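Should a chain be cited, it is by its letter among A, B, C and D, assigned in written order, with residues numbered from 1 in that chain.
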Amino acid sequence: MVITGPCSVESRKLIESCADFVSGIGISVLRAGCFKPRTSPYTFQGMGLEGLKLLSEVREKYGLKIISEARDASHIDKVIEHVDIVQVGAKAMYDQGVLRKCGKAEKPILLKRSFGASLQEFIQAAEFILRGGNENVILCERGIRTFETKTRFTLDLCGVAYLKEHVNLPVFLDPSHAMGYAYGVADLTRACVAMGVDGLLIESHPYPKTALSDASQQLNFKEFKTLYDSIGAIATAVGRNIV
Amino acid sequence: MVITGPCSVESRKLIESCADFVSGIGISVLRAGCFKPRTSPYTFQGMGLEGLKLLSEVREKYGLKIISEARDASHIDKVIEHVDIVQVGAKAMYDQGVLRKCGKAEKPILLKRSFGASLQEFIQAAEFILRGGNENVILCERGIRTFETKTRFTLDLCGVAYLKEHVNLPVFLDPSHAMGYAYGVADLTRACVAMGVDGLLIESHPYPKTALSDASQQLNFKEFKTLYDSIGAIATAVGRNIV
Amino acid sequence: MVITGPCSVESRKLIESCADFVSGIGISVLRAGCFKPRTSPYTFQGMGLEGLKLLSEVREKYGLKIISEARDASHIDKVIEHVDIVQVGAKAMYDQGVLRKCGKAEKPILLKRSFGASLQEFIQAAEFILRGGNENVILCERGIRTFETKTRFTLDLCGVAYLKEHVNLPVFLDPSHAMGYAYGVADLTRACVAMGVDGLLIESHPYPKTALSDASQQLNFKEFKTLYDSIGAIATAVGRNIV
Amino acid sequence: MVITGPCSVESRKLIESCADFVSGIGISVLRAGCFKPRTSPYTFQGMGLEGLKLLSEVREKYGLKIISEARDASHIDKVIEHVDIVQVGAKAMYDQGVLRKCGKAEKPILLKRSFGASLQEFIQAAEFILRGGNENVILCERGIRTFETKTRFTLDLCGVAYLKEHVNLPVFLDPSHAMGYAYGVADLTRACVAMGVDGLLIESHPYPKTALSDASQQLNFKEFKTLYDSIGAIATAVGRNIV
């Protein structure tokens, strides 16, 4: 399963453009953030509830499913209400206020690994949700923090091999946040497909250079389409299909 | 300023015992957690609001100030209401729901560095609070996650030297969580005092082996007293006083 | 280019068995270590010069090329003399005694990244060799040391994407040492092939459980053959061929 | 024991100046590097054997002991011959060519921890030397590589607490290399003294800004003298003496 979309809902025009592109190439799930867990207080923090409403509009209009991120417990209820898949962001992985609500939600939860979390802690966070009664948990590796600074994070594919062997939950990958630069996203995506992972989150934007967040790592539509067209053969080679 | 107390409020009896010890040796601030951000869902999660009420009781009875931790946005209001100093735990450092409320609180905030956070992110989290209007922010280094596993975390004293040089906020240290083992806490505490830090958080417990959380790293009262008696001379040597 | 063989030359019988297997499936380069940079002084340190001579024998008999590792400057001359490709091990990446000799050697050098080395230092080590006059340098990523301990190291594929973009040297991958466990080697190998890397080093052994070093991560011949047969289709999908 | 001196022997004039300063304030061991393990091939690589000879001259003239670093096995014999204490540099910690020669040397060995080495590997490297027959091994922590980049490395004082508890060898500290910036060296040095470590290596230079290596982290003589004068009281407070 390939999921794409911009880092953030920036405007109705942007999200319409993305929804149109995504549905046009046959992808069924659109991602976009409304509550941005930006580290600096001086940067764009997302459109919040207004963004969720814009996502609901395009869901109806384009027949897409929506995934968006909960940043903390103060707005988790609103996110659960408006989306089809609830994304627990990397910075919220330890947030028990969020995890408890996700355990009671009747929607799938995509749980991102904190960039500082061990695999054991990642699995334990998933268990919080499972123990709450929600068995629909997807694990998502998005890069860990290491001493290497030429790339934004380090995508932990050894960890993915560990999860595939030891945990009975679907595993998604987010190569965009791991790399931090558009130039490496295609190669990493192809690596993930060859590992037989269950899904991919890839950031795309009509004009990445103008994006209000994560400008350096988003693919433009042409780059994304080229990449998307290249992965079917790899998936076939490892006995899987792209949906 | 030296702050001590048990990892968690486990019972009235425990917290009375700790308050009696702490006030008896002339320390004025008692620490104890009520909402434990435990990674595993199968371990003790803290006494919650009931714990905060027990802390309020001993505050009155012993004339102590209380510091306790907020784990996430779902209970931050209650913590702010009951304590004298609000501790933002390491796992909540990125939690904007928590940070925003702290920015509006009229109490000092002790902000712990996430074990996966860069110094830049740590300072940015403090800026969230400052920008909200609360200028009473204390930075607390408590160990970062590195490849070394013989100790629980790695206390980043180079980072403390950086903060002292570049940031105009008080810096506290928590050697107990960094080390993870009682045997190293005294030496690390003395190192922190010699660096001239503004405060220390040290876990102590009447019977550490029976503690419901962090059993391995808490000092018993005798060990703590011996350590406490040893640091005055170091403080004097660097031109500071223990209060 | 796929290179395989056991971690260490353990005996003539072992290396004959491996050479027979490798040449039988059409692989042209055999790897095996003679000077083992084992951290503990109490473990098998390799057969040394005797091992190099055994490798020379099978080179003649099976028409294979040989790659073997130099651990330090005290035996670098002997390794250069006996092998077809000189491997500079991860623990020798900073060794200027080794790098200077490699710069004067008239053989290809496979330079492994130290598990503690930044990409910048890795590239600088390659420049030491290039500046010495040897332009035949291959970079090999084999996993970096991070806080994650469920796997032996963390294969840095973001770093590989960086090297492919910024450095004009061939890039090889060693998924066996990164993972440390045989169960993940096949998935990681397929990921590397899909990234379009220039070569792979994979450890194989007729009876991994009895191996004198790296027992947990070596594939047996059947596992290796199954993996080897699976990667051709992925290579084709990304426009490359397995040789 | 406090050891100081410049990063590198740059000239007779420099090393005379340093020897004069060091002996003048009552310090008995002078440090200076001759074979620099510089990562980049384009920077100053040290004066080599000529530097060792200059060090021998000042030893005679000023009655000092000399410590200098071996970078790799190609010159270890010369270093052992000329110095009083052999320093195995961080980048040579895994070098068995170096470790074996040190095991046969009849001089003390100061073994620096590789910035990528676990404590276990550090101890195992010491065991290589001990097993060779030389029981005079000093462990030296000089900072490990972590995700934090505001400082050059992260001084691992938790690891020092571990070594003091578990290993029966003297432990020295090198705060200069850990911090990478002169502004933090004094505070870190005082922290090390308060931990009761057995010795300190601190870089000093008459004119740090003009130094051919490590310019940013060396103290000038006035800064060093001020620091040196401040640590006696801390040492006394923890029951030790500065020699």
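For this structure, a couple of remarks:
Following the convention adopted for this analysis, a contact is a pair of C-beta atoms (placed from the backbone, for glycine too) under 8 Å apart; a residue touches a chain by one contact, two chains touch by 3 or more.
Everything numeric here is computed off the predicted structure, so don't read it as measured data.
Centroid analysis (C-alpha atoms only) places D farthest from chain A.
Across A-C and B-C, it is A-C that has more C-beta pairs touching. With centres defined as mean CA coordinates, chain B is found 34 Å away from chain A. Chain geometry summary: the mean Cα position of chain A and that of chain C are 35 Å apart.
Note: centroid distance chain B to chain C, computed from Cα atoms, is 47 Å. For chain D, residues that reach two or more other chains under the stated contact definition are 116, 120, 145-147, 149. Partner chain C is touched in their complex by these residues of chain D: 37, 39-42, 45, 71-75, 91-92, 94-98, 100, 114-117, 120-121, 124-125, 127-128, 131, 145. Residues of chain A that touch chain C in their complex: 116, 118-120, 143-144, 146-162, 164-165, 178-179, 183-184, 187-188, 190-196, 230, 233-234, 236-238.
In the complex of the two chains, the chain C residues touching chain B come out as 145-147, 149.
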